[in-house]
Structures are given as structure tokens and as C-alpha cells.
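Before I ask anything, here is the structure I am working with.
Each chain carries a letter (A, B, C, D, E and F) given by its place in the written order, and its residues are counted from 1.
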Amino acid sequence: MPEKTPSSLLVISAHAGDFVWRAGGAIALESARGARPTVVCLTYGERGESAKAWREGRQLDEVKKIRRDEAERAAGILGADIRFLDAGDYPLVESVELIDDLVRIYREVCPSVVLTHTLTDPYNGDHPAAARMALQARILAQAVGYDAPGEALGAPPVFSFEPHQPEMSEFRPEVLLDITPAYDTKVAAMRSLAAQQHMWTYYEDLAQRRGVQLRRNAGPNLGLPHDTRAEAFVRHFPHVTDRLS
Amino acid sequence: MPEKTPSSLLVISAHAGDFVWRAGGAIALESARGARPTVVCLTYGERGESAKAWREGRQLDEVKKIRRDEAERAAGILGADIRFLDAGDYPLVESVELIDDLVRIYREVCPSVVLTHTLTDPYNGDHPAAARMALQARILAQAVGYDAPGEALGAPPVFSFEPHQPEMSEFRPEVLLDITPAYDTKVAAMRSLAAQQHMWTYYEDLAQRRGVQLRRNAGPNLGLPHDTRAEAFVRHFPHVTDRLS
Amino acid sequence: MPEKTPSSLLVISAHAGDFVWRAGGAIALESARGARPTVVCLTYGERGESAKAWREGRQLDEVKKIRRDEAERAAGILGADIRFLDAGDYPLVESVELIDDLVRIYREVCPSVVLTHTLTDPYNGDHPAAARMALQARILAQAVGYDAPGEALGAPPVFSFEPHQPEMSEFRPEVLLDITPAYDTKVAAMRSLAAQQHMWTYYEDLAQRRGVQLRRNAGPNLGLPHDTRAEAFVRHFPHVTDRLS
Amino acid sequence: MPEKTPSSLLVISAHAGDFVWRAGGAIALESARGARPTVVCLTYGERGESAKAWREGRQLDEVKKIRRDEAERAAGILGADIRFLDAGDYPLVESVELIDDLVRIYREVCPSVVLTHTLTDPYNGDHPAAARMALQARILAQAVGYDAPGEALGAPPVFSFEPHQPEMSEFRPEVLLDITPAYDTKVAAMRSLAAQQHMWTYYEDLAQRRGVQLRRNAGPNLGLPHDTRAEAFVRHFPHVTDRLS
Amino acid sequence: MPEKTPSSLLVISAHAGDFVWRAGGAIALESARGARPTVVCLTYGERGESAKAWREGRQLDEVKKIRRDEAERAAGILGADIRFLDAGDYPLVESVELIDDLVRIYREVCPSVVLTHTLTDPYNGDHPAAARMALQARILAQAVGYDAPGEALGAPPVFSFEPHQPEMSEFRPEVLLDITPAYDTKVAAMRSLAAQQHMWTYYEDLAQRRGVQLRRNAGPNLGLPHDTRAEAFVRHFPHVTDRLS
Amino acid sequence: MPEKTPSSLLVISAHAGDFVWRAGGAIALESARGARPTVVCLTYGERGESAKAWREGRQLDEVKKIRRDEAERAAGILGADIRFLDAGDYPLVESVELIDDLVRIYREVCPSVVLTHTLTDPYNGDHPAAARMALQARILAQAVGYDAPGEALGAPPVFSFEPHQPEMSEFRPEVLLDITPAYDTKVAAMRSLAAQQHMWTYYEDLAQRRGVQLRRNAGPNLGLPHDTRAEAFVRHFPHVTDRLS
């Protein structure tokens, strides 16, 4: 069992690749600070996000293996541990058992921050299903009376990372995370997913756009460089702080 | 003209007392850190928030003076500069001139953080009017071409402080500020407003409730004391940060 | 000055005819109970709601007179006092002076209930303008320090009556008022507006539809008759009651 | 089988204690008027809301018994019948069977008013689950063709009682119920839950706050006493009435 | 297996009669243009929408047969194919199996347009359940890796047709479809449902009201006739077009 | 006075450049079809959107002239007439007079389609002010009794074009307009604005992103090319059509 650290990021992802595109910067940033983030993939995205492999005539097990290998490689580059629950995608079906698996991971990892999908995504039903289970498991893990190993959890903040169609998914950026120091690592992780070259460009452009937006909202004195790169998030709970900024 | 400091809080308040009840902790916290916050009262609250004085038969000028003295005393305790624009309340009428006054203050103070009212308050039309002008002036102050002294402003974050009827004013706390170290100062400032004793209790209870809520959202490892006190805020622009928390 | 009564309905209407179609049942119901409702028409609707008269080649003063006479006749049938502020329509422009007129009426009438337009109406800008002024004046009239004759007002409940395009105006019926006992009076008032025959049918159908909806939401035991007629309203403030129903 | 009465309140509660804190005043008010309210607890709250018992090392059955005894005692004080469906909490899982149980209760009790949780509660997934089932069962119970004993139900109004974190649960008070005459009974019921002393204060303060808010929204003539106590509710369906107030 | 046509309308309906009242015009319009729409009834509406048959003492199988016969007759008049999945209503329970049935139909029919219920309907839980499944199945049918016969689907636009209580179901008309040329056919289909005479009037009035609204929103030059009839819809995805109108 | 044509596009823009970036494709598309669109610039954007000129030390009149020349050149490329109301920007102040100017233009141009800004834009107050006036003037122009030359207007559809920060401005694309045939013209118009090179890239990328989104929402049979370019819009009124697509 991994040792608990004060800073521990937990990423709950519906499919094997989601965490790279949408939260790779946040993950690399934390691991560069000495933490060891944990990524949980509820499925391999074997049916819903592996069109290329199916078009090449692969079988289900092959597809899963391809996606698993890719995700492990990318997680390695980002400096994260990765686990696969193999729950089956398209559709990802919510269940008490799967939520229980997540509760156990919460209790084990004791995350200081949780990242997951948005609760709305009209183009992909698995993403909201993952988000609902991530939020439900977090509540359960806080209850002393819930029957799972480990201590009752505190109440870690939860963020939704950016969906592929932000406006259609009611995603209004609430947090712009400066990922500039970790950006090269994110790019390397994205490019390790060799089959999805068209995604590289999209997410590199997005990082730049969110970087411009970050600078535009950064206030008077920050002097941020022109090549600032950012990821956008939405908060699910109030931000606890001792300084307004 | 006050010297610009890297951290400079600007509070734009419709009436003379609002800043004490709703943002006194945030102000005291900043001044305890060595900054000199600026409070701008658009009006004295002479008609809308001075029922006691009118019932005692005071004239308009007297009422204004009472409110001004009180507000100056409270600002002094909180460690803030205070200015009065005497724009007339109930109703506070939006005007190009008043917005221009605010632009000039923005350019002069160059705030790193701005606090103001909510955009919705069905019980008080002056509060949203103040918030609209505060937001409009911030935009204008950022334009190089706007004809006012000083440099074009950066884009400071803006927060709405908590209205008296949060649920009815669509106020969902997004930021819980730990004001515990400054809480005694806030209490002293509130109690210097001798005529409004019933408000003391309300806002002391609120600080406690928001403190409990802060602890409940603070995540696993914080170990916050039981007497934690907090103020709640809503953000108007994305939070720029280099660390999710 | 009319004598204050415990039950006193105040209707604030943008144009001369609005109160008949949209709140005629509520008004007739109150007057049948012995109260004397007050209707305030901010304008005659001389430009925006008098197409027929203009097409007949009338002059402005004639149009106003036609609308005034009609409105007085309808108010008489409904048992209400009526006043005209002649503020000019299309557009109805919000002003401090007009709001002040309303404050004075609030202080004089001391309404137990206020009816006005919705805050949203994409097909008519005068309606939301009237609603905003009605709400603003109500706040001002409550302030002891507001310089107008009479006592500071209590906080009467405010309802928006149904706009012509409910779905497009974000109108979700929150209150269904059974106007069956007063329905014949409302019909008589509507039919006294001889020039607008096409409106009769529309609002008679609407009263029936809202009546069906009322019966469908009336719970298990009410035994309401099939010819129930209703008007729909939206509340602006919490409903104060000593019994849930 | 209890006899149907014209006024019959049905409270559908996720856990054993919820109805006391959140609707105890409404229940006591009805029983003081001679009605016999029915409380249905879907679970005992054995896992999610019994931290103290688990920390003391109790077993599951013991925890359930503790919560059941407490809830029966409190219901007795409030003058209500109580039933336990023992569906298992944390998570409370929606099922056709559990909804069917509720349909049968609806058909038996024939409620004139229904109280339940809110549909949103980011801090507790069981509460929205209970609310969804309460609303679904109400629809089914209205269908002649639904296979359960008793007559097809009318359409009783449904109210959500106040969640623990109103702003975070999108709870905007729509109804403020004056519980002053029943307040002592509610306090007695709360205090019978000896293990949860910290809740007493919170809900006594809340009753006072909602009482102040009630008086502030009560209009001009009501003359309500300073010790007015209230509970807040949200409506799910239009309010059917023959008088605006 | 029906041949795929470039224009192919798919209607996914919770109960046997819904498609006639709410989308009969759209269906008849398409079939008049030479297409062959497909209607899928997830259930017969045997429990929830067959009160009359139950009151007459019919058995479950009889009720189903009555509803099936009626629906087939109406579909015939409208020129549509119809299928029944007999999933059981009140409640209609979402399941992976039922969604899979829909995926297979999507792959077979390859619809150019999809019509279904709204996602909100506080008076009928089966309607949103049908809409959720229709939307979920559409996503799954687009995935190459989903295990069902046929090609991966494109992304057909989806519309919600008008619920019985539009304002309570958050239904704001976004598309007004001119059904005038097909209106007589719709009326004939409605009148073939002999047992539900009260519905005829309601939906004939609605077609007229939506027709008036269509003319009121049709812009300057259209010269639409006074007997224009319309149906209202809401879009789920952006409208793709090469001309703004 | 320009001749009225059946298809006539009216673009109401706060500042001189807005129409190029945000609606240049829609304009060029219409003019390529033989129509002559009309662009109205309420201001030159002389203060708020001319930072470069001010930094170079230009005077107000020079800045206006620069912006006017640029806008005329771009309008020429797009094939549109252009007018300047010179109302003064930052802030653009709403007035009865300016709205009256717009009414007269509506009556003269008799637009079949209107394009303007969004009603929300937290980064620029002039944009919503322009949109509010465009919508208000459209209502007034429809009234026979409004005192301005020309016939009462029909009810042209209104679209908001895409703001610079779509997610922050509550902009959810409802219409994706295929501008591919006119895209080269739009690019030429953008590049004629020589001083704003950084905008070229942003809006070329955006046209591509919206093009991808258009293809992703275009349904099964369209076979759109990979270099599809699009502009996104939001509708203010229901879409009137005789075919769902």
C-alpha cells in the first residue's frame, strides 16, 4: 500500500486516455513537486474511444491491451501510478460494486485533491457516469460507518477537468492552472499516444488558449511569460483559503 | 496619494456600513499582513440604512455625518483607508460620472483584489447597482484609451461578499476565507457601530457557521481549530493559480 | 386619499389594458370580497399596444383618450380604482421620478399584495421595465428615511402575472389562483374592450387551461368543478404561511 | 390500517433523524391540529449518520436499533406515526421494489401534503435519492392501472424541507412556515436525540433565522411576535389557492 | 429490414399514444414528402396512460392490445412504421438491454432526425426515462466498437417534442415547425384514438396557438395564412446550416 | 436609401471591428448570394479597442479615423454597406436617442436577419449594451404607433455572434453556420486589419474548431469536406421552419 503523503492527487477517469489530454499538466505538476499522483481508469475505453483499433479488425482483448499499454506509458511519463478497474465502457454502468471499489481507493490514497469528468456531457454518457460515481464514493468514504478498510476520509476538493466540447457541457472555467513548468512533460505524454495524432494539435492549441486566458485574468502584477500554458477546471465545493487572490 | 503596494485590496461598498459586516475579516487580514486596504463608500446609506437616526428625528446632514463618523471609526480599526463619494442612496443611481470616479480610483489604487456586492439582491437595489458600477469601472480602467490619469489597469480578481439574504440573492459560497487571525479585529470594528447591536449577533453567528463550513470543506489534513471563523465570497472571474487546492 | 383597508391589492401595469387580460380575475375576486383594488397604469399603451387606432389614422391624444376610457370602463367593471401616470410607452423609460411616483402610491395605498409584470419578456421591453420599477419602489417605500409622505411600508408579497408568451418569458406558474367565482366579471371586463376581440378568445382559453392545471395540482380531496377557471402567477418573495397546502 | 383523514401529512425521509431537524415543526403543527402525520424512514441512517455509535464500537444491528429507538421517541413527541423500510443507507439505492413500497404507502395514507428532501445535495447522495423516489412513487400512485391496493391517488403538493447546506443545495426558501405554536414540541423532540447535542444549537438558530426572515417577508399588517420561529420549504408543484397572500 | 433512405425520421416514444399528439404533424409532413418514418414505442402505456380501460375492468393483456391497435391505426394514418418494445411502463425502467435494443434500431434505421420526449417532466417519470435512453443509445450507436449489427451511426439531430405541461417541464420552444400541409392528417390520426376525445380539443388548440406563435416569429416577408398550424420542439445539439433564417 | 431586398442582413456592432471577426463569414456568404448586408457600428471602438493607436500617441480624432477607414475597407471586402453612429465607447451608454436611430435603420433596411452581440460579456460592457439596444429597437420598430418613417417591421430572427470568451459569456453554440464558400473572403477582410495580426490566428483557429464541431453535429449523410469552416451563433427567438434538420 502506498504511503500517504500530504499532497496526493487522485484522478478518476472513465476511459484509458482521458487523463492525459485533460489533466496531464496537473498531474505532471504534482509529480514534479515530489508527489505521486494516482490515476484510476474505470474502463479501457475499449469500445467507445478506440475506433482506429476496431477499424483495423482487432478483437476486444487486443483493444483493451493496446489501450492499457498506452495509458501505462503515458502515466509513467507523467509520474503517476495507474490502476484499471475494467468496468466495461459504452456504456459505463453505475453500480454499487464499482462505487465500493472507488471508496476503497479513496480510503487507501487519502487524496488531497480529486480530479474527474464533468457532470454534463451530451456527447459521451460515460463521462458523467464516472463523475457521479467519483462524487458518490467520496461521500461514502467520509462515513465512519461505511464498511471498508482504512480511516474515514476528510473532504478533499473535487475538480472537473475540461470536456472536449466545453460550451455544450456547461463548462465555465473557474480555475486556470498554470502548467507551464510541466508542459513539456504533458506534451511528451500526449505524443506517446501515437495513434491519436489529431488530438495532439487540439490539446496543444487548447493549452495555449487557456494560457492566454490565464494571463488575461491574472491581475496587474504578475508578469507571466507569453508561452504560458494552462488547464481549466471547475470546482465542486467551496475553495478554502486564507488569502483572496 | 497612497503609495501602490503589490497587495492592495479595494472594497466598493454601496453604503457606509456594508464593508464592516460583510468583508471586515478580509480587510483586517490584509492590513495585518502589512497592506493598506481602500474602502470606497458610494453613499453614506443615509436614507436606506439609517432607520434609527430618522426615527430619532435627525436631519439629512446629521444622518450623513453619523454614518460617516461610524464608518471612519470602523475603517480605522480594520486598518483601511476610506473614501466617500456621497452619490445619494435609495436609490443609488448609476451614472457615467460615478463610474468615472471609480475608474480613477482603480487607476490610482491599482488593486490586486476587488470586493463588492452581489449582482442580485431582491431586498436592496443599491447593492446590485454598486456591483454593476464596480465591474463596469474595472473594465474601463483597463483600456489604454480611457481618459483618466494613471496607467491602464491589469485585470484584478473580483469577489462578491455575502449579502444579508444569501439564498434569495443567488449566493452560493465559492470561496471560504479563513479570517480566524483577524476575527477579534472584525468583532471590534462591528462593535464600534454601537447603534446596530442586533447586527453583531447575526454576523458573529454567520462567521461561526461559515467557519464550520470551511472546516467541513477543508480536506483531509488541515487540523483547523474549532473556533475557526470565515467569510464567504463568490468569484466573478476564473481563479488563476499554480496549485489546485 | 382612499382609506387603508387590511386587504388592499395594488396592480402596477405598463399599459392601459394589461391588467384586464392578465389579472382581471384576481382583481374581481378581491373586490367581490369587499376590498377596493388599485390599478396603476404607467402609460396608456398609446404607441405599443394601439395598432388599430393608429391604422385608423388617429392622433396621439386621441389614442391616449381611447385607451384611457377603455381602461376606466374595465376597471369599473372589475371594481377597482385606476390611475394613469402617462409616462410614455414604447419605450417606457425608467426614471427616478417615475419610481418616486410609485413610492408615493405604495405609501398611500399600503398594499397587502402587489401584482406586476414579469422581469423577462423578449417581445415587449416595457413590461420588464414596469416590473423593475415596481420592485424598486417597493424597496424604497420601506425605508423610514425615504422622503415621501406616509409611513414606511411593510413588505407586501409581489406576484408577476402571466405574460403573453409564458415559455419565452421564463414564466413557470408557481401559484394557480381559482378565479371561478369572479370569472363572469373578468369576461365582462374583457368584452368591454370592444376593439380587441381576438384577445377575448385567447384569454378565455387560457383561463380554462390554467383551470384544468389547477385541478390537476389540487390534491386528493378538493372536488373542484369542471368549469374551474384560473390565473397563473409567479412569486418574487417567500410565501409566509401557517399551513402547508 | 390508519383511517384516512382530510388533512394527512406524509414525510419521506432518507435516514432516521432527518425528519426531526428539518420538518419537526411542520409535523408538530399538524398533529396539534388533530391530524396524525406519517413519517417513513427509508433507512435508519445506520452507516452515514451514526458516526458516534460506530466510534463507540457498536455492531450494525445495535446501530440500527439505537437509531430506530431514537426516531420512534422523537416521532412520539411530535405526534406522528413512524415506519422504517430498512433499505440500507450509504448508499441508499433506488429500486423498483422500494418505489413500490412507497406507492403502497401513498395509496394507504392518501396524503394531503408530502414532505421530503431536496433533489440536490452535494454532501449526501441518499437525500436526493429519497426525493427522487418520493416523487416517482407519487406519480405511480396516481395511475389507476398501477397494481397496488387502494384507490388512485389525487395529486398532493410536495415540499422539500431545508438541507443542511442550503446554498450549496440550490435551496431558495419559497415557503416560510410559522411554527411558533409548535416550536416547544420541536425543541423537545430534538433534545430527545441526546447524542447529537451540536445539532440542537444549529437547528434552534436556524429556526430563529427563518423566523426573522418570515417576519421580514410578512407584509404590512401582521404584527408577528419577536420570538417567531419558522421552517423553510421549496415547492415542487404550483400552489393552488383562492387568495393571493 | 427496411431500406435506408436519405431522409428518415425516428420517433422514440415512451407510451403508445405520445407520438400522435406531440409529433403527429412532423411525422405526417415527412411521409407526405415520400419518407417512411419509424415510430418506436418503448411501452404500450398500459398502466400509466390507459385509465379508461382499467376503469372498465380490462385485464393487462387486453389493455396492451387496445393500445397497440390504436397506435398501429394512428401510425398507419400518419404513414409511419411502428414497433413496440413492450418494456413495461409506470415505471419505465432504464436498462442496458433496452438501450441496446435502441442502438440496434438506430443502426438499422440510420435516422436523419430523431424525436423524443423532454428530459424534464415532473408529471411523468417515463417520459424523461425514454429521452435519456434515446440520447444514450444514439451515442453508443456512433461507436465503431459497439457490438451491434450495422455501420457506426453519424450524429443525427435530436429534438424533444412538446410535453403536456410545457412551462413545468422547462420547455421553451426553440423550433416551430409549420405543419399546415399535414394538419388534416394529424387531426385524422388524433381522432382515430376514439377514447380520448378530450385530448383532441387540447391538441387542436395547441396547434393553433403554436401556429400563431410561428407567424409572430416568422419575420417580415413570409405572408403565412391565418390557419397556420405548428408543433414546437427543443433542440439537443447545434443546428447545422448554410443559411441563417 | 438602399433598396429593400427579400434577403437583407443587418449587423449591429458595438465597435468598428467586431463584425469582421465574429460575423464576417455570415456577411460574405449573404453578399455572395447577391444580397447587400448592412453593418451598423454604434461606435468606432476608439477608446476600448484601439490600444495600439493610443500607445503610438494618437489623438481621439485620429483614432476614430483609423478605425473608420479600417472598418470601411473590411466591409467593402465583405460586400456590405457600413454606417457609423459615433455614439462614443467605453462606456457605450444606452439612450432613447440611440435606440431611435436603430429603429429608423430597422424600418429602412427591413432586415430578414439581425446579428448582434451576446447579452452577457463580463469582459466588455459595451457588447451587452449594443445587444440590448438592438433587441429593444427591434421591438419598437414593429409598433405601428412608433413615430418613425417607414412601415411597421415584421419580426426578423436575431442571432448573437460568438464573443471572445464564449464560456464566460454563457455562449452555447445553437447554430453552426457553414461559411466554407465565403471563408477566403473573411480571411481577406480580417487580414485587411493590418494592426491586429494576433487576432488573425485566433479567429482562423476558431473557424476551424467550429468547422470540426459542425461536421461532428452534421448527421449521417452530409459528407462535408475536412476544411469546413464555421461560425457559431445563438438564437433569441424560435426557429421557424417547415423541415426539421
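Just so it is clear, contacts are C-beta pairs under 8 Å (C-beta built on N, C-alpha and C of every residue); 3 or more make two chains touch, one makes a residue touch a chain.
Owing to the predicted nature of the structure, the values given are computational and were not obtained by experimental measurement.
*Asks:* Do the two copies subunit B and subunit D share over half of their interface residue numbers, or under half; same or different?
*Replies:* Both copies touch with mostly the same residues.
*Asks:* To test your reading of the model: what rotation angle superimposes subunit A on subunit D by C-alpha positions, in degrees to the nearest 5?
*Replies:* Subunit A sits rotated relative to subunit D by 120 degrees.
*Asks:* Farthest chain from subunit F, going by mean C-alpha coordinates, please.
*Replies:* Farthest from subunit F by mean C-alpha position: D.
*Asks:* List the centre-to-centre spacing of subunit A and subunit B in whole Å, with centres computed as mean CA coordinates.
*Replies:* Spacing between the chain centres: roughly 36 Å.
*Asks:* Measure off the straight-line distance from the CA centroid of subunit A to the CA centroid of subunit F, and report it in whole Å.
*Replies:* Comparing mean C-alpha positions, subunit F is 38 Å from subunit A.
*Asks:* Of all the residues in subunit E, which ones touch at least 2 other chains?
*Replies:* In subunit E, residues 123, 168, 173, 213, 216, 237-238 touch at least two other chains, as defined above.
*Asks:* What chain-chain pairs meet the touch criterion?
*Replies:* So the chains that touch one another pair up as A-B, A-D, A-E, A-F, B-C, B-D, B-F, C-D, C-E, C-F, D-E, E-F.
*Asks:* Subunit B touches which residues of subunit A in the complex?
*Replies:* 6, 9, 26, 29, 110-113, 115, 153-157, 159, 173-178, 213-214, 216-222, 232-233, 235, 237-245
*Asks:* Could you please specify the touching residues of subunit B with respect to subunit F in the complex?
*Replies:* The touching residues are 96, 99, 135-136, 139-140, 143-147, 152, 236-238.
*Asks:* Sort out for me which residues of subunit D touch subunit A in the complex.
*Replies:* Going through subunit D, the ones touching subunit A are 46-48, 50-51, 53-55, 63, 90-91, 93, 122-125, 168.
*Asks:* In their shared complex, at which residues does subunit E touch subunit C?
*Replies:* Subunit E residues touching subunit C: 123, 165-168, 170-173, 205, 213, 216.
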